[in-house]
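Chain IDs A, B, C, D, E, F and G follow the sequence of writing; residue 1 opens each chain.
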Amino acid sequence: MSTFPASQMIVGGVFLMCAATTVAGALLAALTARIIRSVCGLAISCIGLAGLYYFLHSPFLALMEILIYVGAVCVTIIFAVMLAEPDEPVRDDKLGSTLLWGSFAFVVCAAVFWGLWQLGTHQDWTVPVARVSDGSIQAIGKSLLTTYSLAFELISLALLVAIIGALALARTGRDKV
Amino acid sequence: MTPVPLPERPDLYFIVAALLLVIGIFGLLRRRTLIGMLISGELIFSAASLNLMTFNYFKAPDPTVGQIFVLFIMGLAAAEIAIALSIIIAVYRNYRSVKTKELSELSG
Amino acid sequence: MITKEVISPPGAPNETFVINLGPQHPATHGVLRVKIVMDGEYVVRAEPICGYIHRMQEKMGENRTYAQFLPNTSRIDYLSAMTYTHGFVGAVERAAKLQVPPRAEYIRVITSEMNRISSHLVWWGAFLLDLGGFTPLLYAFDDREKILDLLEAITGSRLTYSYYRIGGLYNDVDDDFIKGTREFIAQMRPRLKMYRSLVTDNIILRKRLIEIGPISKEMCRKYGATGPVIRGSGIPYDVRKVEPYSAYPEFDFLVPTCEEGDSMARYLVRMEEMVQSLRIIEQALDKLPSGPVMAEKVPRVLKLPAGDYCYAVEAARGRFAVRIVSDNKEIPYRVKLRTPSLSNLSLFEEASAGMLLPDALALMGSLDLVIPDIDR
Amino acid sequence: MTEAITNLVKLLATEPYRLLVFLVGMMAFVGLNAAYLVWVERKGAARFQRRPGPTEVGYAGLLQPIADAVKLMSKQLIVPAGVDRTLFRVAPLLMMSPALMSLAVIPWGENLAARNINVGLLMIFSFASINVMAIMLGGWASRNKYAIISAARVVSQNVAYEIPMLLVAITMIMVTGTMNLNEIVQQQAGAFWHWNLFRVWINPLMPVTFLIFYTCMLAETNRAPFDMAEAESELVAGAYTEYSGMGFGVFFMAEYANILLGCALATVLFLGGWQSPFGILSGVIWFLLKMYFLVFSVVWIRWTFPRTQFYGLLNLSWKILIPVSLLTLILSSAMIKLFHHA
Amino acid sequence: MKNSLKEIFTGFNSLVTGMRITLGEFFKPIVTVQYPHESLKMPKRFRGHIELVRDPETGKAICFACKLCERACPSDCITVEGAKLDGAKKKSVTEYKLDFTKCSLCGSCVEACRDNAIRYTHQYNLASTNREDFIMDLFKRMEDDAKANPMPETPKPEVAPQPPANEAPKAEQPQPAAPAQPN
Amino acid sequence: MEAPPDNAQLLSDCSPYVKFAKLDEMLALGRANSLWPLTFGLACCAIEMMAAGASRFDLSRFGAEVFRPSPRQADLMIVAGTINKKMATAVKTLYDQMPEPKWVIAMGNCAISGGPFVFPGQYAVVEGVEKLFPVDVFIPGCPPRPEALIEGLLKLEEKLTGKRRWPVVKSE
Amino acid sequence: MEPAPTPPPSPALPNALAHLPIPFQAVDYAAKGYHLDATVNPDQVVDVVSLLDKEGLALDTITGVDWMAQGQMEVVYDFFHLSKALRVVVRTRVPRDNPEVPTIQKVFPGANWHERETHDFFGIRFLGHPNLTPFLLPEDATFHPLRKDFVS
């Protein structure tokens, strides 16, 4: 990258774009009245997030984010929307309450950010970090099957239970009708 | 001294993560439908994941740990979505509504 | 077959929605409209709505002389025009007590059977098109062109032949026709074998047709279904055998039946019928007598004695019957055309309940509908 | 002068330019290919049915795709009343872009990939999953019953077929030990028995694995006999029913771009990519030959078989493909553990 | 298990057979008649719209406006007018209008005509952007033809017309040889 | 339904001021060579339409074999068969659903004038599709031969581009 | 797929349904095209049709004839036998100004469409019919075109 003069700027721009996409998608997801757009917002947000992961030097994670969140979670939600078709009811509350909620949210945001910032910059972390591995897929694989094998198994179990549970729930729901 | 390139500044990630969290909480509180709340919940998960990754990348010695944790979060989120959606569909089939206000039977 | 118990308990929420198939829809082969109440992909109730190509055939029958009505009969079921003309001509001949010369009867049989093959070929292609296979349609049309060429050479028209006349035929066949027909038979037999290995044995087709859309014998009888539909349900009803007409008693042929009553049974019956038709044509060509092709003493102005007269033929889709009510005038008092497609389709509503949409459409395709035949 | 050229080459070799050049080149290539795949499809279909196909528009109908494009672009774009306008317009683009992006990682020849990344295979799969969203959103936004039924079908179909496809991908990752497509091709250097398709000593079921992959690829791209999404005789034009003009054109192109992607991926994974079958004279031409052969076979299959029934399709996936692909996965891992690695 | 394996095998086999057959067709020659470049020869009995026949001796129309065809037509598409010319024994046709857009090509008119004064053309590829093109003035058409070539070369009834319905047919040969006539 | 300005209309409106000749020509050429018909058959003529699409005659040579089942993607409506009064509204709707620019071929005598089904006192048949919407090309016959349909298509192309690229076939 | 046996030649027909309490008249098949003919009162139709149903006959068609001169409408029911040459015609006549016949839809569900069609064409009302709406005519049609006094 260093041979290209404007690469710093381009990379910075792409980074900001990712961040903006993430936040904009999240806003769309939280604010729009139509559920289907809300799901789209989630998908956009996830794509932005994947970009951020990429900047954090974990392309594997970025692609997994897209695969799982966009390809699986969002699709499933849209599918559920198609089956259930719940559009958000028209809101009847006033502007004042929205403002109240908004300012409340802003305060929370600031507080959280401040907390994180404090945590991130002022705490006594071991700086500079001595990398013990390169964070590649091989390293992840090794860790998953050694250090974190128990957690890995538990997650698998959770997924299995979830699938069976989902099947059971969906079936009984249908039969009762 | 050259300025720190943008992707190398943890505070930006923190801002994004904080925004995601707040938007998620906001949505969770404001949404009236179960699926909407679920989506907001996913945003909160995302915020947590991003935070984890940021700390891991900038502050932790082993870059794999964060990734693995985020992978776990994803797995859990997928499981959660599956369960939650099947519950939603079951609820919908029984009550013809996924609006939380109308689901008083659940709480009572 | 996957079907669903469609009757929801009372008070259950209504999850159904209605889709309107047609009047312009690729699966309805023309202008049938089917109003389908669906629950997901399941058909709860499919109600065919007809009349989108009602062309007043019966009204026209009361407005035209017997000879003038002849061209109309080709346009009721344009795919087997010959048999339909045969039915009408037969009714008039029966009423007027005309003796049709044997050569004419033989040629009628030959042309009718060729028309039956061409009609079945169109059905075969269109049915496969319903099931999503396009190429068989073109192979079928390719073979059909050979029949059309032969028939066009003797009748002058490709589709609406108007070849039979009251008392005989429009004109005689020539050597080229006989030679060409023999060639056609020789070509068609291997083609039918090819169809078998290309389509009939195909696993996808079998999965889509076997045990799909069963129609019971009783349902066939109650709805008056005829033709390959009733034979696919195991009843060997064929007008050519039960009420023999024309020269059919003189030929040796089988009435193929299948016990299963599913879409595959109807498919197999039609495929086998093509083989039998080839046999009939071959025999007729061998035994073709010489002589005139018009009856003697056909009156110039035809007046039928008062009374009502029926005549039934086995068209490609089943029993086609004509009832002429005459009041001793030049034009009929009433012409009733009993068309097979109408009866065959009328059982669709009952037979399709609870099926998946693609299965229901496969069932509809296996009934071999020609919509103007229903609407007349 | 030479210095200038060297500098230019250096400049081109740097990432952003290289990426840009390759992306633009790729888009042009894919656009052209998608357009001419339609021509191939029409010509091929015609020959299977013993007719000449397009002949009158340009020599052998070669200008036919251009005429179609001109016409589609100049058609009125109808956005029917009651549709979700934004989604309705976004859906075709959402369908097209992932395919284009995925094609960026395909190594067409040695050093001939827009971006050679380590997780190329994963990238293709993750972007491919966006396709589902696209058709679904298009169908949903159309507010047309046929489109919605079609969208629902697409989802169940793609979910069902993504699983065996991913299982096959995992098998291949295990066999090759990498997700880098370039490396996967390089491992298959030498004569054709080095291709993954014929590496039966690693996994005796390798040809079966290829068949599974190919079937899933047909299903994922909604091609006959799995074209439930646009089952003409049932759902009119399925999810695309309400699209007119270029909206439909983009969907149409994206479909062919996806076929191209599927065939390219199959070539990379199983047929040795740009490697020649004789071990010498490898090059991009081999890649294209293999890929176009697969494309031809896709056309061939489409014009031979009737459409499967929907539950038959799901049955095939859940009852045959998934168990067999699991079997190949287990078998490969066992074989690798036992015979090929320490 | 054994059965399902067998089913998979036969199923797969049937697919391969199907693909083999279509591939076989792929390499066979095409059957298409590429219409504007080449065209099919219409059979002798082809029923196009009708036209007036000219007497080979006089070059005038045979038709003498007896209106049998007009009456026989089921869809009322023929209008014939005739007049007695000076010194002629019979009437001769002065106007013959055919509304081809209503015609059902049944051939009633040709059969009704006792003098073979009308016959079928072999016009099989009519198309126009103007509907009025098909409301034909057959008399004018014949006149134009007469101007172009004053005498018809050979007496040629298009189709050796079979005896119409009202005449007793002559005893025919079993297989009448196709009348050799150029088309 | 939204009605964006019709491209063809727009172009012809502008033509006095802007030279669109080349572009016009190109568009016309593109359109004329890519006429996608609507899968829409009514009666006997529909079978001949299918035959025209089949191997013997092969409409695809002119790029017109892409029968689209949805009116939104079709350029050409081949009205092949009798239209009766019950069907008329549906046909009209289909025509309205097709995006501009669109063309209509009336195939067969029924579509042109009601054909043999018109008689004094008839109650069902629409006497010609022209009563519903404008028709570009008429193909008479009952039913017309497939060649006639191809000829009609060529006539339509001639109408669009202003010149005929193909030889004229004289019958006989 | 097995070839069906050739059906037996037609039995002596006039007596085929002689055991039924219906005044059937034997008709010369060669001249008329049917074997048995019965004219019944409108209220007997359902009973007669049920008997024929038990005999295993199938419904061919239902139609009407408008005898305007006599001021009557005739409803004609055609039946055919599935295995032997036996065609039965049942007729009933109703006054032209108030044509009402009970439906036979309960016996032969296939009669549904035939009755709707007859209602379309002649305006004959089939009492008890669940859905006597226009079948071939447009949904809002109120005319009956096959009545002899119909003018469009």
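General observations
Just so it is clear, contacts are C-beta pairs under 8 Å (C-beta built on N, C-alpha and C of every residue); 3 or more make two chains touch, one makes a residue touch a chain.
As the structure is a computational prediction, the values presented were derived from the model and not from experiment.
Steps from chain C to chain D, taking the shortest chain of touch contacts, total 1. Of all chains, the one whose mean C-alpha position sits at the greatest distance from that of chain B is E.
In this structure, the chain pairs C-G and D-E differ in their number of contacting C-beta pairs, and the larger number is found at C-G.
Averaged Cα coordinates give chain B a centre that lies 71 Å from the centre of chain G. Chain D and chain F, compared by their mean Cα positions, are separated by 36 Å. One inter-chain figure worth recording: chain D and chain G are separated by 61 Å, centre to centre, where each centre is the mean of the chain's CA atoms. Averaged Cα coordinates give chain B a centre that lies 63 Å from the centre of chain C. Contact with two or more other chains is made by residues 93 of chain B. Shared contact sites, meaning residues of chain G that touch two or more other chains, fall at 137-138, 145. Within chain C, the positions touching two or more other chains are listed as 13, 25-26, 51, 54, 56, 59, 71-72, 75, 135, 138-139, 142, 160, 198-199, 202, 204. Interface of chain A with chain B (complex): residues 8, 11-12, 15-16, 19, 22-23, 26-27, 29-31, 35, 38-39, 41-42, 45-46, 49, 52-53, 55-58, 60-61, 64-65, 68-69, 72-73, 76-77, 79-81, 83-84, 86-89, 91, 101-102, 105-106, 108-109, 112-113, 116-117, 120-121, 125-127, 129-135, 139-140, 143-144, 148, 151-152, 155-156, 158-159, 161-163, 165-167, 169-170, 172-174, 176-177.
Interface residues of chain C facing chain F in the complex, by the touch rule stated above, are 23-26, 29-31, 51-56, 59-60, 63, 71-72, 75, 78-79, 122, 137-138, 141-142, 144-145, 158-160, 371-372. Those residues of chain F whose C-beta lies close enough to touch chain D in the complex are 1-2, 4, 6-7, 26-27, 29-31, 33-34, 39, 54-55, 58, 60-63, 65-66, 68-70, 72-73, 75, 97, 99-101, 165-166. Residue ranges of chain F in contact with chain C, taken from their complex: 38-44, 46-48, 50-51, 54-56, 69, 81-82, 84, 86-87, 90-91, 94, 116-117, 119, 121-125, 142-143, 145. Against chain G, in their complex, chain C makes its touches with residues 50-51, 54, 56, 58-59, 62, 91, 94, 97, 220-225, 230-231, 235-237, 241-243, 254-258, 268-269, 272, 307-312, 319, 321, 323, 325, 333-334, 336, 338, 342-343, 346-347, 350, 375-376.
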